[in-house]
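You will see chain A twice below: alongside chain B first, and alongside chain C after that.
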Partner chain A sequence: MNLRQGCIGRQESLCMAAIAACSSGLFTFDSSALYSLGNSAYITMLASAAIALIIFALAVNAMAASGHESLWALLRSGLGAFFSRVVALIYVLLLLACAAMLLSRFTLMMVRFVFPGVLEWKLIVYLAPVVFMLAWKGLESIGRTSRLFIWLLLISLLGSLLLAAFNYKTYRLAPYLGDGIKNILGLGIKNALLFFPALLGLLIVARGVHGPKMAKRTGYSAAIAAGLLCSSAQLCLGMTFSYSELSKMHSPMYRLTMNFRSGGYFQRLDKLLFFGWVISSMLAAGYYVYAASFLFAGAFEHNDIRPSVAVFSVLIIVFTMLMHSQAAIWGNIERVISGYGLLLAAIPLLLASLLARLKSPKKNMQEKES
Partner chain B sequence: MKRSCSLLRKIAVAGLSLAMLLSSSCISSKSIDEYGYATVIGIDSGKTKAFFVSMLLQRGNGAEEGAESDLCTHVGVESEDLFEAVGLIESSLPFSLNLSRTAAIVFGEDIALNGGVEQLLSASLGMLNIRYYANLVSVRGRAEDFLGGIQSELNPNVAKLQYSFVDYSRRTGLIPSFTLSEFFESTFAHSSDILLPLGEFNPEIKKDSASENGAKDGGRNNSSAETEKEQSEKGEKEKSSQPLQKAADILGSTEYMPGQIKRLGGLQASMLGSGLFHKHRLIGYLNGLHTQVVLIVKGQFEKGRIQLPLPNGRIISVRLSAQSQPKIRLILGETPKATFEIALYANVEHPEIREYSNSDMEILISEFLKKRAEEVFLACQALGSDVFELRNTAVKLFRRTSDWEAFNWEAAFKEVAVAFEIAVYLDYNPSKSSVE
Partner chain C sequence: MKKSVFECLRFDEADDQFELLETEEGTPGFFNRWPKDEAPQTKPIEAPSSESVDENEKRLKKDFRSDINPDVLLRRFLIGGTIPALAACLNGMASRSEINDFILRQSMFKGVMQGVEKNRAKYAMEHVFAQQEAELEDDWDKIKAAVCEGRTAVFLEGDSRAVLMDTRSYEQREVGAAQNEKVIRGPQEGFVENLRTNVSLLRRIIKTDDFICEFRDAGAMNNVMLVIAYRDGVVNRKLLLEVKRRLNSINTRMILSDGTIEQLTERSSLSPLPQVLSTERPDRVAAHIMQGHVAVICDGSPTASVMPATLFTLMSTSEDAYVRRPLGTILRVVRYIGAGVSILLPGYFISLALHHQGMLSTEVISTVIASRRMVYLPIGLEMIFLLWVFQLLREAGLRVPGSIGQAMGIIGGLVLGQAAVAANMVSTVVLIFVALSGMGTFTIPDHSTQVAAEYFRLFLVIAGWLGGLLGFSAGMLALGVWLVSLKSYGLPFLSPIAPRTYSKQPAILRGNVTQHSRATDYTNPEEGLS
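Right, the complex of A and B next:
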């Protein structure tokens, strides 16, 4: 068996999941959808994190109650051999799409702001091998590297929000509730997919993080931290740009750093902070690729994760190039994901959790004993 | 088997190290002296094309000491937009243009009047790496003249110009500070109308010899330009026949307007007052005092001095500084009503004046500012220019975006009845002598 899982502690797993959730939450949302009807994103992000957390909590509790040590075991138990593999494939594609979205957004930012005029593939060939190496080395490497870089990443994120503070004005957030509570809830449900993959990854590698109970505690902390951080960032973005400006920006976080006060050292900080964010995105993408490979290997009974990692690393490059080429097929995929993504992700998981709980061996044993 | 694995591993490590070394370099690297940095860009209307784009170029990092003609070059070309201008100007330069250090974009009067500001800035300026905090300036006359006028031995490092603008605005309030980022907010968010610092070129101010040399080396690159001899002959004729046309602000005042002040020396270009815009078109000017009043009401005033006329006819200097952010109460409805509550610290810089008590002086200052604020507001309201940013207060009164977008703010603004409550706290001790 060469699944490169090993075992990581609570701090490593928390850093890994939080970095993934924050990176997706801050950099891969669709600006035009999120801001077109006003800016309530600072509330939406909290709602999205909460919804993702609820789905995660139901699944991980089912895992703990039914004695399943990983997501694959839960799916297999709940849905049977065939449907569990179908669902596993959906989750694999979802995780790879999230990894590709991160790569795509950062490549776009680099082409737009750092290396204008450079072809995207020339930048992807720098980012993709790092993602591949992280996933190749396995869970322990990803966890420990995340733990190593967490302070740099926190400083680069919070630093950017603090340095832009001179320009915050509350009127830019108005109307404060966007287009009303209904709109907030709708956006909250759609954007739960920003946080869900990071928690899904924890379910997949639950054995490597000391079991479902530890995965549950880690997941709760990661979702709360990511929700609060992303909500704070959205609040700061909302006080810097009005919703009509934000709806036209594809990289509002980077634009925030370009508004630093003129003169002196701070005006050059945008690229330095960006460097920190690129590291977080590669860690997140590596985590997603590893989780996808692990789930695939488990579902199709491969003893070695390395072929899956290699193939999926190439696949995310293909997805990234598809996104950049704005091919119609990717447009259709994006429409499906944004419209039905959460349903596709949550329903099978919740169904499997319910069925697995009903069939759970622990419960059956307790009944037999009594 | 073990040996071959070990050998393979060594080859892999060596290959990876080599790949990392080969990958660690710049994509299309260029050294700093291969760039000319456009520190100020001027935009005027062109004769054969939409724009005449002029630039002040600085080589290196602009921090070296040396002859001004070596440091700063004035170039220009007619073009349809900034992108074309960059390409055309580079055809005559031994280096590449770099706009990442542009401190200011200066708009000539003709461009500002006919909506050219929005037309030019609606392009994707980020592709030219122009920083979003570059200042925007409007000038009376031609921007290319203004650019020529700021070259001087007094200002060898033109890159510091932006710092000077912002500092002058902060210290005096006689000009506003307005950046490209705020322009985009005004465009995309349809927020308040813009107020740009106003500049002017005064040919009567004697140019120093160093900047004359600089002008010779740079010069214009206008495709339809007259020869230099024709221009100087024409200039002499115009100078003798026509005095400099006085600018008046929207309230008819010609005091504290750029180019109107009798001075000796300094730059030929000066900045004072502001250009008032409505929907990105220039509609009038505000003089220095009225600009201060607008900034006080908007909460963008830090400190500055006003000349206060006393009832006995004497004019005294009063230093003002902001105490807190102004509060605005806005009621929408049949008759919209806005009340601005402003608090200022004041210091009368004439301790020998003893005939007024503290409270009398506070009332004088408060009434003076209140009257000016009302005049300026009514004049701006008549022109439809919401330069006081009431719109930003109105939007907070709505709960839903769809309700706000259905509301006609422009029509409501014209009906707003305004009141100003200006509280002045005087730091004025009549027992002080002018010796202390």
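Right, the complex of A and C next:
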């Protein structure tokens, strides 16, 4: 079982996808958009996870039905050689942007709260090599490291939510459904992009997680787990701060840890918990870089993904640096991505799934038999 | 007299001195890199032994340089008083009494070979020599190797095959207590340098017909033998073939210990962590073989290598299985905490003390400041200096004889520590952290793993020193990635935790003895899981 090379088990793939989805869902959301109309982010997160899950389910079912073992095969079968490469490039950029956004958010949090006054590149020097190492070592290492460190993420996350519990007030959740169901759904669709890249990664490496059927089970579990966790975290945030405060806040999760009861040792735990999150963000970024490299190598017929890993690692450093130095421009780009990114990502995928399913030999055979 | 005075006054090189390297061909490159080894040259195939005893004698004399090598005994005699024969053996390696009583005496009875014209060697082996282990051989290389091992070769006129008989007898160490893996409860025996004795120690524990000990040449120029021990039908065939494949690829000048074999067969040669379990305890090896592992024992080495190995194998001792479950669990938990403290504590402390003072309480931070008031070394350098001093004491204590070594460790530690604090070179707080982490290292049972833990600790200290908790956590993750990517003969090093397997046996806590049937699911034994 374990002497088989190149494949990871269900637990490892689940931890890998769940860590990536949680990290993106908890630390890269846009506060101003999410809390602009009320404090219903905890429902929005559930809706976002559900929407991402539906898109994933359609694609993975199409993969299983058409007998394709990876996203690249599905795209190629559905969209043809040229368009599949264009879509693959879009996904590569999306995954790299997600990795860079994670690193950028954490770098900014560190500059603001942990290492005030330190230049961003000095912090990226510590993060980027580990991300590169993770992607370079491959799927087995990412999956197993995620399995190893999942407890650290859970402890650091649930610990911070529990330690801040004394400050929770339910009245702060008002208005309870924000600006109504319509707005929740709108925000849910927008924020589905937070969970989607982790599931997209699973589609890309489906062969490495024992095929689309196992990827489907893993993806469902990961999306549900991440959705529940992010929703709980948003609920706790909503009970700690009012939505008007949250909409102006840069790093609400870190602010939550600064809000522990004063006078005891727990007051000083914020940084320790924070570095638990940093580890999970590095794991998530490594996973995104690996998935992007894998897809790129598949699309452009490279036998070895390591050159792509090296180039993409440098690229995310550049992206992260640009996000800091050209904050205004990148802020606009980020808004465009969060506004239309899901459409850009989901439509080609769903189209490819549909076409691949129609063209699939399995379906043709069934039709002939009938 | 004149000559010696003259030689004393000479400033150039004396005639009888020479530089060995001058006789070597070629010169090293600019960075002292010699050209890569060429492909191993195949030895010329030797002609088989001759039907003529005279010819065989000449050949043996030439090959063993018997004119300058008096160890080689070549004894001519007549079997049954008629057929010329030659016995060849090495003095000191073969038993004199066995040769005299069961080869020569038996041969000298008149008429024992009467009427035998064909297949003389076979007839003599079956009817004349009273030896338990005998075989016929005409391969000249194998005959010479057998003689070098201490066996006796007898050549008979008119037959090209030699009779090889096991007459090995040489001085060896008695089986005694294992020196480096002592236990309070359980067997005390340890391996010795003799391969046969080691195999018998294992056979005394594993009394099953499926226990196989394959003897084979190790592949070195010094003709060392090794044994591959496993349970047929239990061991994973893929694992066994991989072990054999790697052993077959060995091509080296000499093998003196199983440590050389370990280095020649492992894949991650730069890894500080070992990828096989090296143990001197037969019970430990037997326990692993019973569970489907493979063991390799090398002649002349009092340790066996068990493969594959995981981190949890290296962190366990044989005593864990002999004590009751709660006690075994406590022992293991203490060991893992010790190892964790040893690796993480110094780096974590440096991170907090240097970069995140806000995370320390006022009492702790004021104690650190007070103890470091006159210390002139930066705290990171101070920590690294003390870790180095700790290593120095440890190494010095290991290399000098027993009681002196212990005394050196204690006195050196006390005196140096006191003096260093008095001289304001180090602070008491850092000294305590280094001592604690040093103590933690000693809870790790395997020596190579102890050394690896020291490297990890140094790496995390440097990471924490440079980057605070960011450097520390990045370093910890990098270590984790590297650990999970490490494999021992195809088995992930952190099995059965990452990746998770069906093993019911807990990796850190001591499991129930009734769960041993599913203990090593991760090696995929062929025996069905019960």
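Operating definition for what follows: the second predicted complex is superposed on the first by the 354 of 370 C-alpha atoms of A that agree within 3 Å, B and C clash if a C-alpha of one lies under 4 Å from a C-alpha of the other, contacts with A are read in each partner's own complex, and residues count from 1 in each chain.
Definition applied: a residue touches a chain if its C-beta (ideal position, glycine included) is under 8 Å from a C-beta of that chain, and two chains touch if they have at least 3 such contacts.
This is a predicted model, so every value here is computed, not measured.
Colleague: Let me test your reading of the model: by the given contact rule, A:R112 touches which partner, first (chain B), second (chain C), both or neither?
Modeller: Only chain B; A:R112 stays clear of chain C.
Colleague: Who does A:I8 touch here: chain B (first), chain C (second), both, or neither?
Modeller: Touch status of A:I8: second partner only.
Colleague: Could you say whether A:L177 touches chain B, chain C, both of them, or neither, answering first, second, both or neither?
Modeller: first
Colleague: Check whether A:L322 is in contact with chain B, with chain C, with both or with neither, and answer first, second, both or neither.
Modeller: A:L322: touches no partner chain.
Colleague: Mind working out whether A:Y126 is in touch with chain B, chain C, both or neither, as first, second, both or neither?
Modeller: both
Colleague: Look at A:N259 in the shared chain and tell me whether it touches chain B only, chain C only, both, or neither; answer first, second, both or neither.
Modeller: Only chain B; A:N259 stays clear of chain C.
Colleague: Applying the document's definition of touch, where does A:L37 land relative to chain B and chain C: first, second, both, or neither?
Modeller: So A:L37 only meets chain B here.
Colleague: Tell me the contact category for A:T145 with respect to chain B and chain C: first, second, both or neither.
Modeller: second
Colleague: What is the shared patch of chain A, the residues that chain B and chain C both contact?
Modeller: On chain A, the residues that contact chain B in one structure and chain C in the other are 115, 126.
Colleague: Write out the stretch or stretches of chain B touching chain A in their complex.
Modeller: Of all residues in chain B, those touching chain A are 23, 27-28, 126-127, 129, 131-133, 162-163, 166, 181, 184-185, 188-191, 392-393, 395-396, 398-404.
Colleague: Touching residues of chain C toward chain A in the complex: what are they?
Modeller: Answer in residue numbers: 236, 238-239, 355-356, 358-361, 467-474, 476-478, 480-482, 484-485, 490-492, 494-495, 497-502, 521-522, 524.
Colleague: Could you pull out which chain A residues touch chain B in their complex?
Modeller: 37-38, 112-113, 115-116, 118, 122, 126, 169-172, 174-180, 241-245, 248, 255, 258-263, 267
Colleague: Under the definition above, what is the set of chain A residues touching chain C in their complex?
Modeller: Contact set of chain A toward chain C: 1-3, 5, 8-9, 11-12, 110, 114-115, 123, 126-127, 129-130, 133-134, 137-138, 140-141, 143-145, 147-149, 265, 268-269, 271-272, 275-276, 278-279, 282-283.
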